[in-house]
Structures are given as C-alpha cells and as structure tokens.
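Next come two complexes, and both contain chain A; in the first it sits with chain B, in the second with chain C.
This part shows the complex of A and B:
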C-alpha cells in the first residue's frame, strides 16, 4: 500500500501572483524622499506638496527611531490635496515590521463599546511587541512517504514519513492532519522540508541536489538545495510580532483568542491592560521582548467629540503610546459635542500638543502628473489632448472628479474599440456624469420639481449633534 | 549576569523534600523562576530522575524537560495526535547515571558495534554519536559539566553495545563527585515526611 501521494481531493497550494484591486491610494509606494530627506518632485507615486512631504519625512525618522512616544501630528488641508496620501506614504515607507493602524474618526462611535475603549484599542493596536521564542523544528530530506488507507475505505488514514539528513535517518508517524497538509503541499520523495513540531506547519525548502538528475517535469521555480546536515530536530529561535491589543484580547479571558478573528472583543478591563504592561516591561528588561512603537492614523479627526479629545490629551502622555497622525479638512468649525468653535474642530489644548503639517492645492502641472500616474495605475492610455482636457477639468472641478473620469472614459474608449482615450471620450463621460458644482447648479435650477421642496429649511436654529 | 557558581545557586534555591514510593523526591525553586525536581533511590542513593521546568514567555509553565531518567510515556495522548511524532521503532535516547559516571542509553539501535563512532567536540562543549551507515546521529552536551564549567575530556568517554542498546559512559570528574556528595548530605538533612501531602514551601 505504498501509494506515493496518489490523486487526492485535497486542493493544492499553487503559486499565483496576487491580483490587487486598485484603490484610491494604491499608486503610493512611499513618501518620495531621497536619503537627505529632500523630496523629489515626482517619486513613488507622490507629486508636489514638497514642504509637507519633507515634514512627513522628519516624522518618519522620528517613528523609525522609536524612542519618542506620544507625539501627535495633524495633517490639515483642503479636500483632495493628498492628506491621506501622505499618511499612506508614511505607512508604506515604514514597511511591514512597524505596526500602522488606520481608522476613520467616525469608527469609534459604536453602541457596543464606549468611545474611549475604541480609542484605547486603536492605540494598543499600534504598538507592536517582538517576542523571541525557541521552537523545535524538524528539517530534512524526504526519503519516503507512505500513506495507508484503511481497508474499509472510511476512517482515519495513517502514514509514515522517513526523513534524513547527511548523518541520520528517522521514521515519523503521521496523524491525519499531517497527511492532509503533506498532500496539500505536494511533498514528494526528494524534497527538503521543515516541519514545526508544535504546530505541524510544513514548509518546502526545495529539492535535494541528489535528485537533480531526475529530469522529470519540474516547474521553473523548483529550487535545488543541499541535504541538511547534523541532527533532524533542531531548536530554532523564532520571532513573533504581536500587537499589545492582541495580547490584551488573549488574556482578557472572557472571550478567548477567537475574539481576535470575530472582532467581538468587548471592553477590556483596565486591570488586564495594567498587568500586560507590567509583564511586557518585565520581558523587555529580561531581553525576551522588544517594543516597536507604531503609528495610529485617524482620518477625519474632526468627527471625534470633546470626550475623545480630552482622552487623547491624557493618552498621549503615556510612555506606551504610539505616534498619532491625524488628518482633517475642516477650517474653523464647531468642536463636536460642544457649541465652541475652534480651528480644525480640535480644542486648543490638544492643538497645542500637535505638530501641524499643511497641504496646499495642486498646481496645474502637478494635477497633470497625478492624472498621468493614475492612468498608469488604472491601465488606461490617454492621448495628449485628452490629458490636457482632463487636467483642465481637474483644475476647475476637483482632482477626485477628474480621477473618476479616467476609468469611465477608459471604458467608453474600449466600447468603441479604441486603444487610446480621446477628447471625445472625455467629453462623453463629462456630459454623462455631473461634478459637484454642476450638480449644485442643477439643483438650484430645478429645485421646485424635486420632492419635499414645499418645506423650507429653518436655518435659524443651530443643528444639534 | 555575573557568573554564579552552581553550588551557590543550589544553596540559594528553595528546597522541598518528600519521601514517597521508595524514592527521595526533592523540588528546587531557583531565584529566576526555574524549577528542578530530582528523585533519588532510597537504598542506593542513585539519581533516577532530574527534570527542569521554566516559565515560558507567554503565560503558564512549559512542560517538564527531562535531563536524567526515562521520559514519561504518554501513549494515549500520542495515538490521537493529529500531527507528527517519532515512530516507536526509532532509537530512544535517555540518560541514566551511575554513582561514578554519567551514562546515556540509546535503545533500539540494532547495528553492530563497529558502526558507532563517538567523539568529543570541546569547542562546542558536546559529545557526538555518529554511525558509519548514516542511520543515527546525536549531539548532546553534559549539563552537569556546563553548570560547573568544567572542561570535556575525550579520554573519559567510552561505550559498549548490548541488547540493541548503545551505552555511552563518561567518567565523572572529581569536582562533580564531591559536589554530588555534598548535595546528597544536604538533601538528607532536609526534613521529609513519609506522607504524600506535604506543605510545599516552594509553590
């Protein structure tokens, strides 16, 4: 019954190139700064906003340094001037190792959780803990896999796996889960694999050089590796990065770690947090763990109310606090939850703790550049005249509207089997879709024929929040 | 951490003793949170079990790690395990000391005596068992010598092969013998009760 991985119904793990959907900021790959933190005019998807990008670069250095906690930055500017883009640029340049948590100001309003709890969770999500642990792994070349199916056809399969290194050979008994994952990974005799003994996770390192002479069908990406040396079982140091929030949830006991996946974490008690802070600093002293302060980005920060702002004041003073980046497009406006007016809708005492980066509207040349980058991102070819027309639209209406027109014009062009978007295509979609200004104009003209026009809005009474 | 000698560490640890089943059981709790448990045969005063446990980085205790003695076989649990484990026909490596030497036994090794090749690697502070037929390889250190920071001596190492078992012996150096003797005297002074339930000070 030494069936060598006969055809099973287990789905195979295939290498596929990830197909990413295109979002509003997917063209941004960094802040576009050189080594001296001088901004390049066009780089990594960023265009213009030189002063703000340079400022963001300095903040980035501060974050990477990791020593300073509890600094807050506000990115303020008109709509469509690249505030979120700068925040995304910071996130991209930080890389996957530094936690970056992005949220919108309105996300914290939930009936299940208090506002400050939601903010604390967001704060703790933005702080990573790197923990070193030793695990036992098995690393060797597969000599033979033998899987026995029970004679009755049902029941658990049993199997044996023979692994070897240059020095030794061992036979392992396989459980049903292990058999499944071995067939999923399509492990064959001659492969060099590692198995994490505790979790049973298999990773294929490649094929052994001794099998290099078998010229049978092999993919282009087959790698040849040496047969491992020494003992089969080794102790290896592995590094996990988890966020403080994840440790909180696991230890809050009421839900258990599954809450991490459902997101249904509920409120976490302050005592649990305190205990974990104490534990983490203990680990840090013992050299078992390292704290990586990350970034919490709150978009549309004017949506937070007075309670949240005073909570932020306090939270920023803790030494376990990440760098906070906020963005807003409001001028002098009401602070939510009060009748007071304040710049950006943020109380003065919090504003006093912030470094403010301002963004300014794009020039015509910059708008042109951005549209070009977006065309590349969305895979739309634009003729020179169409590009000029679109830039003009972007200047006169808004950059966002112009970007919206790219993909729609691209579709119109494809429908008429053209390869390059012409001025006519732009004109077509411009007439089909209204921009904000034309829509308001239309409203003013035809207001009488819309529903509910008979009730006049009482504008004298202030709106309650 | 400053190099602290093993005997000082032992003296500073909290000890609990208990006599049960014809064995003298001693539990040590060290200042760094590590725990060690030893079992001595009452009649021969030979060390039969020594195991270690330390707090893991995450919550809770890790499992006991056995340094000397036979591993507790958990056949029931292993049968149901979904993951991977060694086949029972594989060689089993365990340590079983005698009064005068450290001794390791590798059971289930059916190959003839001339296959085995033992060596000491002083720079890595370990001994290596090799087989010329490339079936078995084991690198092991001698924790007792590491703790007392004594050098490894290749002339102290010897081996025999009987009943499918490879027996490796390493003669205990003088320092170890005196240390063990002192420890045994110390341990015998500890009050142990014959009853199972003892107030364990170290817990």
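This part shows the complex of A and C:
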C-alpha cells in the first residue's frame, strides 16, 4: 500500500520545483514551550531537555523583545543530545523577521577570505535593518484611452485616460510623455495598471476579469486580475528587512551588486563597513530605520582558533552586535592551535562572557519519543516491537545511528512489500550497517589484514584537532 | 440532605459563571466588531474623499484646458449653479484640494493605529515597521535591487 502510494505520487512531486528534503532537524518547529515559557514534554518536535529548553526560551523572549544584543550563549553537551535542535528551535520560533544565520565553526577556514573577515560577514548577516518604502500610486482598470494626434502629424500629442476602481471612476489628462509610456507598455482598455505618482512609471498588473470574455484567442501569459477596490490614488507602504551584510555587498564598489547573486563576495573593505554603519545610524536617528539584532549560531565552535575567539570577544562589544549562540560537544580540551587546555576548548575570558546552557543525554522514554517523531517525519511506519528494539539500539549505540536505521529499515520493508517495519527489517539493517562501536571493534580484531597497519596507533597521546 | 444542597448550590454557581462567561465573550466581541467597524468607516471615508479629490482635479483640468476663453464659469454649489469668476474658482478648488490631501493623510495614519488596536484585541501580532518614516527616493534607488528581490 505504502509502496503503491509512493509510486503514484512521483509524477506529482516532479511538478514542484522546490522539493523539501528531510534533514536531520526538519521535524523541529519551535522550542515547544507554552505561554508561560514552561516546556512541554513533547511539543513542536522537541522532546525532553526541559531545563535547557526553558533556558533557551528565556533567551528567546529577550531576543524577541530586543532587550539583549551583544550577548553570547553556549549550548554544551554530549554528542546527540539536541544542541543543534535547540538552536533550530530558537530559529524557528523567532519568525521570519528576525535574521538567523547558522554556520559551522569550520566554515571560516577558506583560502579566499581571512578568518576574521568570514566571521564579521557572518556577524553582519545576523543584523537586520528594517526600512520603509512609501509610494503614492494610482491603481485602476483602464476604461478608455483616447489619444488625439495633431492633424499635421508633428507636434505634441494629447489624450485622455479613464480609470476606474470598484468605487469610482475618473478622467486623467495625458501629456505626450505619458502617452509614450502607455503605448510602450501596450496598455489598452481592460488592463489593470498602476502609475507611480513620483516617477510616472506605468506597470501592467494584468487584464480585468470582466474583460475575460472579450476575445477567444488570447496569449497564455495573459493574467487576469480583479478590478481594484477603494480609492484610485493609494499610498503603498512596504517594510523591508535587509541584513547589514547585504547593504555592505552592494556598496562594496569593486564587486557591484552582482556579487550578491554569484555568492562570491570576497572581502569587504573596512571603510565600506564604516560608511554603512554611519549611514544606518543616521537613518536610525531620523526614524527611518530600525535595527533588529538577530542571532548568529556557530555550531562546533571548538573548531575556531585563538584569533577567532579574541575577535569574538571584541565583536561582542560593538553596539551593532547580534546575539551569538554557540554549540560544542567538547569537554576540557586544547584550544585549537595552542597547547592550553580549557573547558569546551574555549578560552576562559570568552567563557566568562557566556551564558551556558547544558544538555543532558536522553532517557529511554525520550529516545522512544524522538524515534517516533522521526518516523512520522520520514513517513515510515514502525511496529510496536520494532520501535522497542530501535529504542534499545538508540540507547546502547547512539541516537543518530538509530535515526539512520529508520529510513534504511523503511526501505528494506518497502522492498519486501510490507506496510510496517518489523523487527526483522531492523535486524537486517543492523547487520548491514555497523555502528561506531562495532566498527571500531571490527577494526581492532582485523587490524592486521588492513593496509598500512605497520604504523601503531599511539592512543596515549590525544588527537590534536 | 446536606449533600443535595451542596450539589444545588454548585449547580447555581456553575450557571452563574456560564452567564458571566457569555457576558464577557459578548463584550469582547462587541469591542472587536467596533474596532473593525471604525476601520471600515475610515476606509470608506478615504474613498469618498479621493472621489472628491479626483473630481476637483478634473475641474481644474477643465478650467485650464477647455474653458480658456471664458471670463466667468458656472460652478455647482449643492443643487444650484452660480456664475463665478474663473480665477476665484480656481483658487477655491485648489484650497479644497489641499485640505482633502491633508485629511486623507491624517485618516491613513489614524487607520494604522486602529489596525494595531484591532490586531491587539484579536491577539494578533502588531504590524512592525510601519511607524518608520519612509526612505527618500534617492535612498530607495540606491538599495533598490535589495528591495525588489
């Protein structure tokens, strides 16, 4: 049944240009808090981690109110305890208006850009500027265009344009310039048009529905719209939110605005940034712009090195600074590139500025819940016993491994034309794919038959990353 | 015996809260409807004013283009036509036009507050950013391709 449905669905899916793929955290829709900021046990894709979710909720409220900026939060915990999930939850609950930039710590290492440049670009991507555009437009359906050509053939043309909305109708006198742009846009009776009052720019919105039956043969691209309502001369206000980085890019002269689309922005000069900062604060003083401090999320923050950490220290003190959320799964370890040991691999002076949220390993019940949610997300039906077995696997190996098994077991099940994943399917994929512990066990046993086994692994020395 | 009394009084109490609840809901709905009504009334008023504005504009055009030679023109006041000097008429209409512009502007700003009030009552988030002053056209042009994404 499931297999059939899947096969019949395929042609439908092809029509959609943007197919949403199922990611590791696509089931997360928020932090799962109620109005009093108390975490619910299972909600919005989040399970357990009550204390850390509540903490994240408090921070979220402060971000929403705009009370905090230039603060930093560290989410620390073992691998697979939902650190990224909490960050995603924050991102989801912030809504579309607050900028959220996510990056991995290792993203800053690039040949084209210095590390600090990559970091400052990320910082500025996380700061939004809200601005308003206001235009007076005349919007209506063309009832009649009347153009008088002078008898001599030369000289200024004059004409009249009748426009209407559902409520009113009026006649405009046309100058030669307007006549020109009207004929350039091929405006005719029955079109719905807008005229920008300040610039005189005409744009065609489509043809009115009432004129839909005028001709039988019409181009495929003809779009039909309703006759506009209300007054003819309207005020259109549009509020835009752009990030500081975007403004930087279009003003970075050597690059031009095309750089925004090619993705390769290169380095942006410090002067450009200063100019933009000055302009934006001028706008803010004139009441033309609002700054929205967003969120910059750096995953695997232990991959940053000393330079980056000192940059962060400094950048957090700037008055245009977003809320910085970092996540790490390291314990006490070397700070990258140095021999100094520090908790989370982060220097003490930066740690001192952070609010630290800890996540703890999931209990069996929570693991079970998460697996259930993931099954729904991946559209796999799991029998009760298989669910128990999978939970057990999740507890003993890792949650990530168990989640990987869901889709693979689903595939095995579909192959044998079953509707529900049984214990056998789980067993089969469990034997096909090794988890981390079994794989290292295997390595130890058959070390001798692998290539390059002469180099003895020195396990006493910790790996330097 | 005493048990029955408790049940009865409990019932009475329950009934009372239901009535109070209904009363509260009714009051709330009235408030929402009133707020919505205010907005609709203002919207209609803007339409009416714009209608008048466009008629005035047509009249001004007519004075300029079609009635060039005339010394005096006939102006309709209420349901009476009165012959009036042209220059005087023009001035009068222009004054009216300015007043209309101002009034429409005022109404539009009031409507923003009213809409926010309505959203507030309905528990919807307020419109953000609409109280900003607009960018000048030069500034809009400068970041135009950011806005027209």
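Everything below uses one rule, namely that the second predicted complex is superposed on the first by the 337 of 465 C-alpha atoms of A that agree within 3 Å, B and C clash if a C-alpha of one lies under 4 Å from a C-alpha of the other, contacts with A are read in each partner's own complex, and residues count from 1 in each chain.
Everything that follows uses one rule, which is that a contact is a pair of C-beta atoms (placed from the backbone, for glycine too) under 8 Å apart; a residue touches a chain by one contact, two chains touch by 3 or more.
All of these numbers come straight from a predicted model, not from anything done at the bench.
By the touch criterion defined above, A:230 lies against chain B and chain C together after alignment on the C-alpha atoms of chain A. Of the two partner chains, neither chain B nor chain C is touched by A:375. Once chain A of one complex is fitted onto chain A of the other, the partner contacts of A:130 are limited to chain C, with no touch recorded for chain B.
When both complexes are overlaid on chain A, the residue A:118 reaches neither chain B nor chain C. In the superposed model, A:147 lies in contact with neither chain B nor chain C.
Applying the stated contact rule after C-alpha superposition, one finds that A:75 touches neither chain B nor chain C.
In the superposition on chain A, A:288 makes contact with both chain B and chain C.
Touch criterion met: A:168 reaches chain B and chain C at once. According to the touch criterion, the shared surface of chain A, contacted by chain B in one complex and chain C in the other, consists of residues 131-133, 167-168, 170-171, 173, 199, 230-231, 283, 288-289.
Interface residues of chain C, counted against chain A in their complex, comprise 43, 46-47, 49-51, 53-55, 57-58, 61, 65, 108, 128-130, 132-135, 137, 139-140, 143, 145-147. Residues of chain A touching chain C in their complex: 97, 130-134, 167-168, 170-171, 173, 198-199, 230-233, 235, 237-242, 246-247, 250, 257, 283, 286-290. Residues 131-133, 138, 160-161, 164-178, 195, 197, 199-200, 230-231, 251, 283, 288-289 of chain A are the ones touching chain B in the complex. Considering their complex, residues 56-59, 81-90, 130-131, 134-139 of chain B touch chain A.
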